[in-house]
Structures are given as C-alpha cells and as structure tokens.
Amino acid sequence: MEDAELFERLKNVALDSAWSALARRGYPNQFCEGLRVFRPDLKIAVRATTVRCLPVRPDLQQQIREQGPPLNAQSVEEADAGDILVIDAGGETGGGFLGDIIAARLVARGGVGIVADGAIRDLEEIRRMPLGLYLKGAHAAGSGRRIMPVERNVTVRCGNVTVVPGDVLYGDCEGVLVIPAALAVEVLAEAEATDHKELFLRAKLEAGESIYGIYPPSPETLREYENYKNAQRN
Amino acid sequence: MEDAELFERLKNVALDSAWSALARRGYPNQFCEGLRVFRPDLKIAVRATTVRCLPVRPDLQQQIREQGPPLNAQSVEEADAGDILVIDAGGETGGGFLGDIIAARLVARGGVGIVADGAIRDLEEIRRMPLGLYLKGAHAAGSGRRIMPVERNVTVRCGNVTVVPGDVLYGDCEGVLVIPAALAVEVLAEAEATDHKELFLRAKLEAGESIYGIYPPSPETLREYENYKNAQRN
Amino acid sequence: MEDAELFERLKNVALDSAWSALARRGYPNQFCEGLRVFRPDLKIAVRATTVRCLPVRPDLQQQIREQGPPLNAQSVEEADAGDILVIDAGGETGGGFLGDIIAARLVARGGVGIVADGAIRDLEEIRRMPLGLYLKGAHAAGSGRRIMPVERNVTVRCGNVTVVPGDVLYGDCEGVLVIPAALAVEVLAEAEATDHKELFLRAKLEAGESIYGIYPPSPETLREYENYKNAQRN
Amino acid sequence: MEDAELFERLKNVALDSAWSALARRGYPNQFCEGLRVFRPDLKIAVRATTVRCLPVRPDLQQQIREQGPPLNAQSVEEADAGDILVIDAGGETGGGFLGDIIAARLVARGGVGIVADGAIRDLEEIRRMPLGLYLKGAHAAGSGRRIMPVERNVTVRCGNVTVVPGDVLYGDCEGVLVIPAALAVEVLAEAEATDHKELFLRAKLEAGESIYGIYPPSPETLREYENYKNAQRN
Amino acid sequence: MEDAELFERLKNVALDSAWSALARRGYPNQFCEGLRVFRPDLKIAVRATTVRCLPVRPDLQQQIREQGPPLNAQSVEEADAGDILVIDAGGETGGGFLGDIIAARLVARGGVGIVADGAIRDLEEIRRMPLGLYLKGAHAAGSGRRIMPVERNVTVRCGNVTVVPGDVLYGDCEGVLVIPAALAVEVLAEAEATDHKELFLRAKLEAGESIYGIYPPSPETLREYENYKNAQRN
Amino acid sequence: MEDAELFERLKNVALDSAWSALARRGYPNQFCEGLRVFRPDLKIAVRATTVRCLPVRPDLQQQIREQGPPLNAQSVEEADAGDILVIDAGGETGGGFLGDIIAARLVARGGVGIVADGAIRDLEEIRRMPLGLYLKGAHAAGSGRRIMPVERNVTVRCGNVTVVPGDVLYGDCEGVLVIPAALAVEVLAEAEATDHKELFLRAKLEAGESIYGIYPPSPETLREYENYKNAQRN
C-alpha cells in the first residue's frame, strides 16, 4: 500500500482500535506515555525519523560538531520529505531541541509534526505552524543548556516506547501510537474491521438499547452484525 | 429539596464557596486533587456512582467475570440515570477504564460525566460527548492492561478524596468537589449566602475602592452589606 | 526607557531571543519551570511585586495578623499600579493564595497577571479576567489550608527562578521569563537584533532553501544579512 | 503442606525464582513496588491479613467508630496468629497507621511484619522489634492526620499489587512478593527446582568457566545438569 | 528550664509523643517530610540556626559577596555554639550547601547536626563526624552549581515545615520534629506523661493481654493506670 | 599512568575534589544523580563498559537474539577484565537487568561493580558479592518484563550523565563520578593538590581556629600553606 493511502485510512480509524490490533500481536507498549498534546485539533499519520540526545558533554559535543552540520539541522534536512521528528531527550525539559527556524524548514520540507520526550522552544511561533506536537514541555532555552543531539536515525526511546526509524506514527488528541512498519497494513485492516463493528454496536446504544448483550457483544448480537455486514457488501 | 433544584442551584454558586462551607463543617479534604479538567467549558452537579479498580490479577479477574456482566458495563447500566461515574484506579494511567462504546451508553442513560483517578480511552470521541471529564489522563489501551474493576458502588478513593456512592459532586473548570449527601442542602445555602455577600464586596472593588476594609470586610462594611441585603428582601 | 515603551517592545520580541540574551550575560536560569500557562492567548511584560508564603504555623500567623491587613490584600493594594504578583508558595498546590475578590482589586489597580509556584482559587471567575496566569494549579481551598503569606516585596523563588521585586517579567504561551531590571534594556536591544536576523533567515527557509549555510548561518549568509540590514537602514 | 513447612522452605528459595514461577503462570505483577525495606536483615514468609485505609472523612469515621474497636487494633487482635499486616494506605505517608503499642501486641500474637503502602510511626521503637518492615516511610503523626482504616480483611492494593487476605507473602532484602494461596505449593516446588539448577550453573561460573553455553544453558549443559541431578538422587 | 536539661529529657521521650502534644496545640505540621535520615544511630535535641538559599543569580550573588564572609561559613561561625544548621534549599539536590571543611568547623563549635531540604557534599567524610544528618541527598558539586545562600537566621521552609531560628529540633531515626521555642517545655512535659502511660499499657500487651480495653484504654484501664502512677509517686 | 596506579590514587582523593577539577574544565554534569548507593562500605575506581536498554519490543528483541549470545551475558564476558557495568535502563525499575548468575561471572572476571539507571534482581545474593552497587532499585522480575538490552559498548545516559565506554568511574558512599578518560590523570593530580591544601585548612579548624580567613583561605593563609607545602617537600 502506498504511504499516502495508508496514512489517510489510518487517520480514519480509532487510535484505540489500532492499539488493540498491536496488543493482540504482542505489542502492548507502543503508545507514548507522559507526553502532552499541544495541538489536539490535528491528526497525524506519518513515518518516523529519529534523533537521540544525551546530556551535554564537551568532548563529545566537539567530536560531533566536527562531523558535519548540527544534528538538529540535519534531522529536518536529511529526513524523507514529510517525516515526523521523534526526539529522544531522556525526559529532559530544561531546554528546547529546536526552535522556530528549524521548524520552519521542517514545514517547508513537508514535515507534519514533532514527538519529543523533552521540550522545544519558540512555542509561541511553532504552535501556529501545521505541526502535530507531542511533547513533554516547552522551554525558552536552546539545545545546549542541558542536552545535545548525538545520533540521527537510530532506534530510540520516546515516551517509554521503542521507536525504529520508518515506524508509522499515528496521533490524535489522545496521544501518539508507534506502529512497527511491517505491521502497519495488517493493523490498519484490523482496526477498520473493529471500527466497523463498534460503530454498529454504538449505534444500538445511541438508540437507547441496554448495554448488556451489546458490549461485550452476545453471540446473537454478533450474528446480527454479520448479517448487517453481509448486507452492506451486497 | 429535589435533586434537580439542588443541582441547578449548586451550579450557580462559586465552587470555592461550597468548599469553604464544607471546611467549616470539618471536611477540608473534599476537593479532588491531581486530576486534569478535560472539558473546562462544562459545569456539572450530580450524584456519584462508584467503581473500585485494582491491579490486574488473573484469579480475581476470573472470579469477577463469573459473577455477571463486566463491571464497567454494569457501572453505566445499573447506576441511577444521570449519575456521574467515579472511578478509583489507584492513580494508574496505563490503560483506560472505558472507551467510546460504554461512554455512549452512559450518555444515553443521562450520565453527565466521568471522574477518574486514572485514564479513559477513545478521548478523540469522548471529548465530543456532553460529559464533564476529570481525569488523570487518557490512554489508547483498554482496561485489562494494568487494572480491572472489582467492585461497584462502594466507598472509594479518588483524587485523594473519599467518595461515598450518592455523594453530590460539583465540578467546574477548576476541578471537582465531593459533598457528602447529608450536607448538600446546608452547604448550598451557606455558599449562596457567601456568594451574595462576596458579589457585593467585589462590586465595590470593581468600582475602584481600596481593598482595605472591604476584604476582609470591616464591621462597617458588614453593616452596609446587611442594609443592602435587607433592602433587597423588601 | 519608559516602562510603557520597554514593555511594548518586549512583547514584540521572541521570548526565546530574550532568554538567549540573558544566558549570554551569565543568567541561564531565568525561565520559570514547572508552571502551567492558563491563558496562552495573553502576552505580558510587566514589573514584579512579590509575596513569600510558608507552611501554616499558628504562632507566626498570629504575629503577622497583628502587623496589619492580610498580606494577600496588601500585595494587590500596595504594589505599584500595573505590577504582576509573583507568589513563592514553595510548590504547594493544596490551597489558593487568592480568589476572585482580591483578583478583582488587582485588575482594578491595573495588574496584568499572577505567577505562582502554587495555586489560586476561583479559577472559573479569574480565568475570565484580563490576567496572564502562570500557575502550578488551582484549588478550591483558600490560603490558610496549607500556606500563609509571611513577607511582601522580598526576593523569592518561583518556578526555580530567583525573583527580585522590580524585575521585568515577560510571558507568552510558552511561559514566563524573569529579566533583572538592570539588564532589561540591553536584553531587549539584543533580542530585537536577534529577531531581525532570524526573520531574515527564516524567510529564506520558508522560500524553500536548504537549511545548510542558513542555520547556523555561514559567513556568506551573514554577509548577505549585513547587506540587507544596511539596505533597510537607508 | 503445613504452613510451617511451606514458610520454612520458601525462605530457602531465591525470591526471584518464586517470581519467575508466578510470572510463568500469568502473574507478572506480584512484587510490591515503591516500598522501602527497613529491615534488610530479616526474611519473612507468612500469610496476609489486610486493612484498607482511605482519606479522613468525619461522617465515615464516626460510622466506623460506632461499629467496634478501632480497626488498627482489630487488625492485630483478630488476625490469625502470625499473620503479616498488609495496609493499603493509598500511598499516603503523612501519618502512621500504627505505633509501638499496637506493634507490641502484633509481636505478642506472633506477627512477623508490616507491609504498608504508607507509613508507620514510632520507628525508633519498632525497628528494634522482630518485624519485617516494608513501608513507604515513617512519620511522627498518628493515623487520623490524613487517613483512617475503613475495612479489614478485604482485597486491597499495596505497592501496586492486588493482595487477597490469606495470600502468602515472601520478603527478603529486595522486597516482598505476593503469592496467591492456591499457587503457593507449586510455586515453591518450581522455585526449588530452579534454584537447584541455577546453583549448579553458578558453581561452574565461580570455577572460572565462560558464561557462554552456561547461561542461558546450552543443551549440553542441560544434559550435564540432568546427570548431576540424577546422580544426586541415587 | 536550661537547654541542657531540656535537650536531655527530650531525647528520652518518644518523638511521636512530642508530635502529638504539638498537634493538640494546633501544630500538626511540624515533622519534616521528604528528608532521609543518614545517621539513624544518632538522636539529637538542639536549637535551630537557619540559612535560606535561592537559585543562583549572578547580580544577587555579587551583592551578597560584598557584604561579608560567605554565608555558609558565617552560618557555622556565628550561630550559638551547639546549634543545628537548618538549610532551606528549596528541595534542590544538584549541589551541596557545604562540605567537610565547613562541617569540621561546625563540629569544633559544638554543632550537632544538619537538616537540609537539599544536599551536602563530602558525605564520605561527614558521615563519620558526630552530626545528625537529615537531608534530601548528597552531591559531589559545591554550592554555586544550582543554589546560593542569601540570608542567615530568618524564618525558612524545610521539609515542608516552617522553621524559626531558635526553634527546638528533636530528631531520631524516624526524622526530625520542629518545636516552637515557646512550647518546648510544655510539649516535653506532656510527652513525658504520655510515655509514662504508654509504657504501662505496652507492658500489659507484652505480658500477653488482649489489646481491647488497653489501647485505646478503657475507663477501667485508665483507673488502673492512675493507681499505678500514684503508687509510684509514693 | 597505569590503570592500577590511577585507580589506587583516585580512591585516595575526595570524590568532591575530583568533581571540582572536572567542573573547572567545563564538565559540571558528571556526577550520577538519582541512584541509590547499595554498598556504601565500598569504594571503586574503574573503567566503564556500557549496555543500552530500551523498552521491550518483540521485533527488535527477535533480531537481537539472532545476532549472538544475550547482551547481558556478553556484557560481562566480553568486557575487559575488571570493568564496571554501566547500564542505561532509561530509569525503568520494573525488572532487573541481571541476577546472581551473571553477577557471579562478573565477579569471576574481576568486575568491581554495577551502575544502573534501573534495577537488578537477586539483591539478596548480589549484595554479598564484592561489587559496588549504584542503582535506582532492585526488582524480583528479570530483564524482559519491561526492558531489553539492545547495544553494548556505546555511549549511554546513566543517572543523567553521558557515559562513554572507557571512562573512568570513581564511586564512594556519596555516589559515582564519571571522568572522561582523557582527563583522568590531570583530574587526579588536581584533586590530590586540592586535598593536600584542604587537609591543611581542616586541621586548623579542628584545632579550634575561626573559619574566617581559613575557608575560603585569605592570602595570608595561602602563604602559610605554601610554606607548609614547601617544607614538606624538603
């Protein structure tokens, strides 16, 4: 499936249905915890590009500087167009990984958001850009006060989830879910099926029926749903 | 007093005046702490129905399953119409006690909100329902990842407050206050009296008077207020 | 520079540029941490008046009461018109330092906000007043449940920053920055210069240029900017 | 198996082997978290008697007082001789559930310890009694400052574990493990088997062999162990 | 009463009895919370001398330096011989207020301990000095990394207790209690009376009697105690 | 300098003097924070070997398993004899990285300790081995409940410090300091010089002199010290 289609369809399933499909496959720890949703009005579905940060240490910092452009600049310049930045800041919120200038380039390259186990700066500007923001906080200080980026596009920890570059991230007002790339299509399909059934059940409740027998569904309700589904297909 | 009248009048007093009336009666710990207000635009006044949750344990879970419908379903089906769900989740936010389907039934039965020392799931859907939401968080996982309901309509702890089923809960954008049923009418009356006086004092300040003598009120200001109150009565 | 001009110009620079100007002068710890922004729609620039609170202790409380009007009343009545209240509550959120009556007087005297390492009460009312609110929380309880004011206009700690009365505070949706009075004008000037340059750089990115060479700027980009700046001047 | 034998043999297995036996049966959450071990020199194996505490609330407190002796006194007087007290204090450490007088009676009745998701008082005295102590803290205040006992011998939460009265608790310097009564004998047997094998493996490492092939054990090492075990039996 | 006698007798009462005597007088918040007892083998009773620290800020730091010797040196040199240092560090543990050199002078002047809502450094040395240590932590960094002393012998906050210079501090392995100077003698007397009675009650329990009727004591037990007390007096 | 000599001399300087020497070189963040010292009776000076752990994720776990022996086994088998294990567990304490079997091999290979931003298991056994233990906690669960090792001998974060393999770690009862390898010799020399001077100053205080002029030392005291040092040399 093309990413464009995958992302569009993902944004139409309930995030919680996608979570359940992952959990049934042995992945119950893929929802980022401890992050605040700064743009609850936006939904995102997108691939991850990652940056790993560590507490500032001059010898390492020097060594990294000698290797090329700053890693926070690289992280928006080198990622595939449209990626989301996932920043492992180890939970440190005493300084922002990036500010409005780098964010402006992220937007120009088609980026759709930032997920950080840490902070950004220039929130006043960035909250007005079309970027999903899942962060621990915001801080006026720049990167360098407490943390420094050390690696790009490696496996990282963010919000207590292990994120591999290329993972599909799906976020709504509740938070952000990390879907391993190899599972994305089947998770989508299963979530769509779950949603279809749950909308059927929910409609019954909205019509005033008792919850017993409907949720969790009785065999009879399940048969009724099968009929409904089959009827729809024809 | 009928509940309908009680609730309506409560929603017109300042929550903080109700708190003070409770504190003067020896109940200074009735304001739920540590919860986030997800719907600051809604005010609620309503009776509590409670659910007690504990960390998942298979033997107990099995035993509870054998006793009837799932307790989260029961909690919305069996409560008096219009109650608010108060969930003691022990502070656990790693999984939601209920999702949009159960919430839909809660709304259908006239429920007005959820207070949880834990999380719900399907926030994207539920935040659009007419439900006051006082929660520690939201999570994509379902009940069963970390906690399970074990009892319904027993005395519980929520937000560091002891909540008895039938207590009157009053919530605004600041948070939610738990009023013991037997005290509700007198607390309301005292809060109305407090508000009446405080509006009088506040009007003086808004007109530019110095705060000295007005707050806290001097004997003279109190006399002035008494005159004003008596005049209003006639 | 007159305060009115200082404040107006400050509100037009990026808070993060002001932070950087302070950090370069040896003040990297002037951004308040751990406070929640209750009015992200407001920007404030203003001088600080302070109150120091301590855990309730009857003997001290009695002694302070005998010295004059309650300190929370004094703090709005005696401050210079237009000041912002900075409350050192030691992080305690189990009771509000002030409620809507005192806030009403604060507004009447031209006050523009409240910064508290603690809580206020009557949030339902106060959030509708024209006051920037940087707080740890809100609580239905009054001052006196956990803390009491003990001194006015002394150096305090708030959000892990040392605040001296008369400091200039600048707050936006990200949080609040504490600028020592003696540095305010030069910090403003440097922040304006930074912003001017950064807007130039950001415009290039928004036009689609690569971030390399632009941020951080190469010598060539800096020359280009100097030309642009000189051209503007003429 | 008699409790006396069960307890004695349990104290001879590694607590971690017992944990693993529980986890393999679907119970991975039975080790109490967040408690401090105040008597790391003591090992305990014993049955649980429980007390549930809630935040102080005068109406409930009055009601409970009318029902008989104080629950903290009952909890040591009515439990089976030798039980361990498990106190669900909801994490509150601002007051002790019991002090040296009640502890003295606990000792007199053969009690062997206290596990509390909260505090005790009189630590200076109690730490010298023969009691295993797994607590969140100690505080000079008595019960009644923040919490009150409300029920005895019900299922409770302690250290993020669900504890059923009669569960077998096994504690060492690492912490305390909660073993459901029905599983105690089989968990013991499996832990003894694990320990027997692991001592065999560990002896090889202590003799200087490489860890590869030994831990985790290769098929060859396992065969060698089987021979050793069989030889021992004969 | 002379301090020497007061301190000696205080060290012989149960800290919890002293707490209760304070609470009955309206002071239930005088036990320092959140501090770790680094020398549980020592008991201390002593008067407080205080230091207030704030986050580092260069302008203030300069100003304080110009006023005389460093405040941490002053705090041990100028206090009355034998005082205990109480340091309000605002909970900051990222740097120690003092190290072994200043501690050596404290010992030389007869000081008996350090109570800090923060950290000390050189723990390896200081833990071997005859000093009660009630601290949040220890850190290799010196004062100046995060905090600076700003005032000496003023009212401070420490462990969530308001401490006035001259207060009597009593500490044991449980923690440290802050007794307002004016109440010290009556608190001592009441605690001694409580202890006398409680030892009588505890002896009965240790002899095997049921706790009912003994704790809390029945009228009959109280009479028995009165007889015992009177007999002792004669 | 040979490691053996470096380590021996390091253990004879004050850890805080080594910290100061690092801070003066621009490294003020090298002391591990948030770890508990489980063996305050041991001092260690040793080189670091590192392991990076991440939250459990089945696809990655499978991939790592296919690459060779388990990483926790490798980490003790492949490190240079005598190294200390530094484990980046991201602060997770809900499962132990290693237990007594792997620790036994660590001891057999000459290892001297474990530093973990997480937990170990089998504390009952391991606390009796000759290993310095700087940990966030201990837990009965094995690795695999929450975290998994993903890389060996890479730069990691531990206790909020960036640790590079080969760094020199120096720990005492206060905690553990991370010294970049290239700085170890000069840091040692400077710490020895500091200690020599401070012992001179401390002796004066222990002899009863006033702290003024001695700490911080006056020019006269410094001259006196220089004379003393020169005299010692001859």
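All chains are identified by letter, namely A, B, C, D, E and F, in their written order; residue positions are counted from 1 within each chain.
Just so it is clear, a contact is a pair of C-beta atoms (placed from the backbone, for glycine too) under 8 Å apart; a residue touches a chain by one contact, two chains touch by 3 or more.
It should be emphasised that the depicted structure is a prediction, and the values quoted were computed from it without experimental measurement.
Visitor: What shortest step count links chain A and chain E in the network of chain contacts?
Guide: Steps on the shortest route: 2.
Visitor: Keeping to the contact definition above, tell me which chains border both chain A and chain C.
Guide: Under the touch definition, chain A and chain C have B as mutual neighbours.
Visitor: Pick same or different for copies chain B and chain C, depending on whether their interface residues overlap by over half.
Guide: On the two sides of the chain C and chain B interface, the residue numbers are mostly different, under half being shared.
Visitor: When contacts are scored as defined above, which chain pair ends up with more C-beta pairs, B-D or E-F?
Guide: Between E-F and B-D, contacts are more numerous in E-F.
Visitor: From the C-alpha centres, identify the chain that is farthest from chain D.
Guide: C
Visitor: By CA centroid distance, what chain is farthest from chain A?
Guide: E
Visitor: Where the CA atoms of chain B average out and where those of chain E average out, how many Å apart are those spots?
Guide: Roughly 40 Å separates the two chain centres.
Visitor: What is the distance in Å between the mean C-alpha positions of chain C and chain E?
Guide: 36
Visitor: Give, as an integer number of Å, the spacing between the C-alpha centres of chain F and chain B.
Guide: Centre-to-centre distance between chain B and chain F: 50 Å.
Visitor: Compute the distance, rounded to whole Å, between the mean C-alpha positions of chain A and chain B.
Guide: Chain centroid spacing, chain A to chain B, equals 32 Å.
Visitor: Note the residues in chain A that touch 2 or more other chains, in rising order.
Guide: Chain A, residues with two or more chain partners: not present.
Visitor: How do the chains pair up in terms of touching? List each pair.
Guide: Touching chain pairs, listed by label, are A-B, A-C, A-F, B-C, B-D, C-E, D-E, D-F, E-F.
Visitor: Applying the document's contact rule, which stretches of chain F touch chain A when the two form their complex?
Guide: 26-27, 29-30, 54-60, 90-92, 150, 155-157, 160-162, 164, 180, 182
Visitor: What residues of chain B sit close enough to touch chain A in their complex?
Guide: The contact residues of chain B facing chain A are 69-70, 73, 76-77, 93-94, 96, 99-102, 104-105, 107-108, 121-125, 127, 138-142, 145.
Visitor: Which residues of chain B touch chain C once you look at their complex with the stated criterion?
Guide: Going by the criterion above, the answer is residues 14-16, 18-20, 23, 28, 31, 33, 172-175, 177, 198, 201-202, 205-206, 208, 210-212, 215-216.
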